[in-house]
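Here come two complexes built around subunit A, the first alongside subunit B, the second alongside subunit C.
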Partner chain A sequence: MIGTTAHTRGRLSVGHRLLAMLVAEVLLVLLVRSLPALGLAAVLVTLAYAWAGVRPGEAWRTLRLAILFAVVVGVLQSIVLPWQRAVVIAGIMVLAVAIAGLVTLTTATSDLLDALERALGPLERFGVDPERVALTLALTARTVPVIAGFGRRLQESGRARGVRLGPVPYAVGLVVLTIQHAERVGEALRARGVDD
Partner chain B sequence: MTTPVIELRDVTVVRGSRTIVDSVSLVVEERRLGVIGANGSGKSTLARIIGGLISPTAGEVRVLGLDPVRDGRAARARIGFCFADPDAQIVMPTVREDIAFSLRRSPLSREERADRVDEALVRFGLTALADAPAHLLSSGEKQLLALASTLVREPDLVLCDEPTTLLDLRNAGEMAATIESLSEHLVIVSHDLDLVMGCERVIRLDDGALTDDGEPGPVIDRYRRDMARARS
Partner chain C sequence: MPISTSSAPTPTRSRSTSTDLALIASFAALIAVLGIVPPIAVGLPVPITLQTMGVMLAGLILGARRGALAVLVFGVLVLVGLPLLSGGRGGLGVLAGPSAGYFVGFVLGAYVTGWVMERLADRVPVVAAALTAAVVGGVAAVYLIGIPVLVWRTESTAMAGLAFLPGDLIKAVLATAVTAGVRRALPGR
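Moving on to the complex of A and B:
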């Protein structure tokens, strides 16, 4: 069963959402210095998710890697810092990802691209191609699961041959598959009239 | 006199010391052309030349009256290309957004684009998956999405390069039925001989050269016979 992704459920325009995200991230980093402040920030972010109508499963899928990473960072930080400070640092990391995730979960990628193209418009006179930058970002987001699939395919092909791929052959295989994929994507983009 | 859909004159592609397409001449007026041949026979390269994705080393190409090399942009606006590997073709995170992505450069208004995307979703039975993550679709669904993203631009000619190769029997059958229902001019490059049997004309390539050309039945029979002979 394939789940659906939350889209355009927010009541703010894309520009306002991006601005709100920027303000929230800055306030998070500047103001959260204690466990009570972290708790308050976590409550506010949770309320924002509820207001936007994001389902708990979607939120979990967005945050699970960040939580895992924050736990590792928190444990390492607790070796050299008081545990309260380590928890605050790890918590800020998770909340920062959660705030950015809220924007991506509630905004269609095409709307984000349009907003980005508009925002980069003034840079066109300095040689920046807004459409190309936006396209690159879209491709980056799309390529993550594809490259993850390459990684799984390499591990499986190693296991099928009874060998465990070391980091170097694994990395080489991943680079080769990624370059081949990039060539095919470039050709497909031209065929779709996007990169003429 | 009507302009042929495709005209090739002595088209040759050489890569290094290897001749991939060898002096192919062809005039296509039929609505559906099938291209068959063994692996490495030059089928996909020929499709890419027709689609304006690569330039021939020598020879002349006209597609819908345009030169796909000189008038690349205009030609590609009228030609759709569906690749064997839909993963390379799918760019956006969801089904609806990927179809809409094909219309980013279109002069249509936002509303017209949305309507066109909705029509494509219905036409290819993808409405229920409209907001699903594209990378989690099955192979058959991905191939349908790739076809929908190609056809939403309303091309006059659609090139399908091995559209059923990566699909299981059920999905290949469904894809074949979808392709058969298309009203656009079609070039189908395939090993799936049942699929090309539905074409009005089939050509065969061997080592880059055009070696057979005619109605599907006789061309496919001769191909099967030659393949069987080569195995024995």
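Moving on to the complex of A and C:
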């Protein structure tokens, strides 16, 4: 799927990456209070991106929406706050997304899912079944294109009848098809012994 | 009343049946699809989609527990990097952005929507029950987490968080109409 990371870059384990991310985010939010501090943080984050070998295009796609949103917030805030403060607020918003985005850009989606499954292990005594969670996540990822196909079919059948489907009839059709699909999948899962 | 599953005779079961699992996965996928098609472009960086309506529908149709689990599954897939959040967003950056509170609030929102729906559905007309549940859960409960985080991260006033209120109330009305339509199309479920 577009946008997912196929291969993990670097040797740091997923747990260490997430820990490093958390520490960086906390330091960013707690320590950056001035323009020089923001500049230093921006340099450090940029160096981290360069060190990880992220291409500028990838970085831009990750940060595009955050930058747009930060510009809007920064402009609005500069009306009521000193402009330096507005820039710091907007800058922190972008850098926070950049730090988390670096983990996403350099860590394979499958490795993150594996880490999640391992992390759920200790929750087994509370009734969480890591294998069942993994099955549900995998099933969902495979169901997205199925439901998207239902959506296209509904819109096409609307066009064939010369009507543009409004949001309510469209969503009703989509939900009905989704429930019917889920019931078929449920039967199939039961036939394979997923029910205990 | 949320749809029941044919293989669930015991209401106090602690584990989901296979149909519950399939419904949770399918609704998580539905929420993702509602964030993709059909987008309504309004000149904002993030297109207006029906994704938040999907969160409400999860609670209204699946009930509190399964609805919240569907939203949780959707959220986990977004966080591990699938670009399923409206606007094609995905990855851990979602949790670091100023709208992270709304994203986290979706889970609570679906739960509260389902909780209210389960308690009202047999007492008042479906439309009244669904609208109340969608507004209390899908809007108020989501804002309960979303607005404080937005205020904290952007240092703006809570009023800024109300910018999306008209749109979200429209989605609550739409979710109510959709729930009524689904019940007509699938009676007895």
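The criterion applied here is as follows: the second predicted complex is superposed on the first by the 119 of 196 C-alpha atoms of A that agree within 3 Å, B and C clash if a C-alpha of one lies under 4 Å from a C-alpha of the other, contacts with A are read in each partner's own complex, and residues count from 1 in each chain.
To be clear about the criterion, a contact is a pair of C-beta atoms (placed from the backbone, for glycine too) under 8 Å apart; a residue touches a chain by one contact, two chains touch by 3 or more.
The model shown is predicted, which means the values in this text are computed figures rather than measured ones.
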### Message
One more residue to check, A:Ala96. First (subunit B), second (subunit C), both or neither?
### Response
second
### Query
Touching A:Leu65, do we find subunit B (first), subunit C (second), both, or neither?
second
#### Entry: Touched partner set for A:Leu174, first subunit B, second subunit C, both or neither
second
### Query
Now for A:Gly127: first (subunit B), second (subunit C), both, or neither, which partner does it touch?
second
### Message
I'd like to know which partner A:Gln155 touches here: subunit B for first, subunit C for second, both or neither.
### Response
second
### Task
Figure out whether A:Leu139 sits in contact with subunit B (first) or subunit C (second), or with both, or with neither.
both
### Query
Once the shared chain is lined up, is A:Val73 touching subunit B (first), subunit C (second), both, or neither of them?
second
### Query
Which touches a greater number of subunit A residues, subunit B or subunit C?
C
### Summary
subunit A contact set shared between subunit B and subunit C covers 2-5, 109, 139, 141, 146, 181, 185, 187, 189-190, 194, 196
### Query
Of all residues in subunit A, which touch subunit C in the complex?
1-5, 21, 25, 62, 65-66, 68-69, 72-73, 76-77, 81, 85, 89, 92-93, 96-101, 103-105, 107, 109, 112-113, 116, 127, 129, 132, 135-137, 139-141, 143-144, 146-148, 150-152, 155, 167-172, 174-176, 178-179, 181-183, 185-187, 189-190, 194-196
### subunit B partner contacts - residues on subunit A that touch it in the complex
2-5, 7, 108-110, 138-139, 141-142, 145-146, 149, 181, 184-185, 187-194, 196
### Task
Using the touch rule from the top, collect the residues of subunit C that touch subunit A in their complex.
3, 5-7, 14-30, 32-34, 36-38, 45-46, 50, 53, 57, 61, 73-74, 76-77, 79-84, 87-98, 153-156, 160, 174, 177-178, 181-182, 185-186, 189
### Query
Across the complex, what residues on subunit B touch subunit A?
48, 51, 53, 72-73, 76-77, 79-81, 83, 85, 87-94, 97, 100-102, 104-105, 129, 131-137, 149-150, 153
